[in-house]
């Protein structure tokens, strides 16, 4: 299940909803991404997330489908916020549920790596020196690439 | 921070507490382990967790220290329950917080792998056929061993 | 053909969405970009360094060799930075 | 010397904790186990398959070659299965 929204989300509620009334799930892994208060050595005032409505949801659904093909997952939740966020605020949530922990861990990491590489979001930072579009980190492409090796 | 307790825990509250009032954390990864309703093809009535009071806390603290040596972590929480648990109940929680996601993911997986190999807990299952002590899975030793390679 | 622009590509071009009649020769993403560059101003700036530009046709990531046709929706944007 | 037993080792031995005066020769975990085996009954059962037994001395995991001394706390248990 994927959602793109301006509102905040509740990681505990999402985790609990995933395994409520189920008895087949042994492992739930979650990732929460947060806005850090500093960037390029400057204090961050705010971060604004722009996205491509429609394509974003399609890409996230594709990534979820790909994860479900690679691992046997009981459930997947991806929530990504857009709009203006302050330091300390939540940006993204990924939750994976599986019978065993290895699948849940790997799938959560895969979802984040692919989301960072493929989902059409763009971050703009407001710092003391002005507005700056966030540049992608090479390590994000590397992170996604490793899932296609051996 | 490590805790061994009979009471349930609240993953959302633990995650939120870790990054509340902080602006340096970019990634929080959590793992929740749950009691599954089936074991060896039989319905599970309950699972009882026995532990070695004192040594359990010491081992968990050692494992946390080891994780903090290997990765730059902003915070770590490990909560493990003991006593009788029903299918669907939470058993264990690991939460890691770091500036970047790779460290948080790896450290959480490491903590679970080592906890499973070293922390003195023992599971006893009550199933239709009677009481059974859970046998360790070889894959758990393998999982821990991989952290000492290359 | 409907063109969409996001992030700094949008800011440089100065608009987020437009309908264009691309010339017949603009049969690939690369040829379409070459034509947009000839429009000068913000377009020339936005497409000055093509290593920094990504493209989606009808909401699928594609490379510059991908075909484009009348009626397609073509989106131009920087490398994504979500998560 | 204080001996602790956990899980099925405890059930087989029939007690969770005891103070013993081990003989002088029981200078290692292995020698201590050999002495416990001579006590028969539940001890012989619990220590019948040593591949299935783990040991901690003063709350540190150790192998069977580790030394034990009067005053030590020695715990016997199956491979752990937490998490």
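Letters A, B, C and D name the chains as they come in the text, with residue numbers starting at 1 for each one.
Quick note on the criterion: a contact is a pair of C-beta atoms (placed from the backbone, for glycine too) under 8 Å apart; a residue touches a chain by one contact, two chains touch by 3 or more.
Remember, predicted model here, so these are calculated numbers, not experimental data.
Under the contact definition, subunit B and subunit D share no contacting chain. Separating the CA-averaged centres of subunit A and subunit B is a span of 23 Å. With centres defined as mean CA coordinates, subunit D is found 73 Å away from subunit C.
Separating the centre of subunit A from that of subunit D, both taken as means of CA atoms, is a distance of 49 Å. Residue positions of subunit D with contacts to 2 or more other chains are 83. Across the assembly, subunit A contributes residues 33, 101, 112 that each touch 2 or more other chains. All chain pairs that count as touching, in label order, are A-B, A-C, B-D. Against subunit B, in their complex, subunit A makes its touches with residues 10-13, 15-16, 19, 21-34, 36-38, 87-88, 99, 101-102, 104-105, 108-109, 112, 143.
Touching subunit C in their complex are the following residues of subunit A: 33, 49-52, 54-55, 58-59, 80, 91-92, 112, 115-124, 133-136, 140. The part of subunit D that touches subunit B in the complex is made up of residues 4, 6-8, 56, 59, 61, 75, 77-83.
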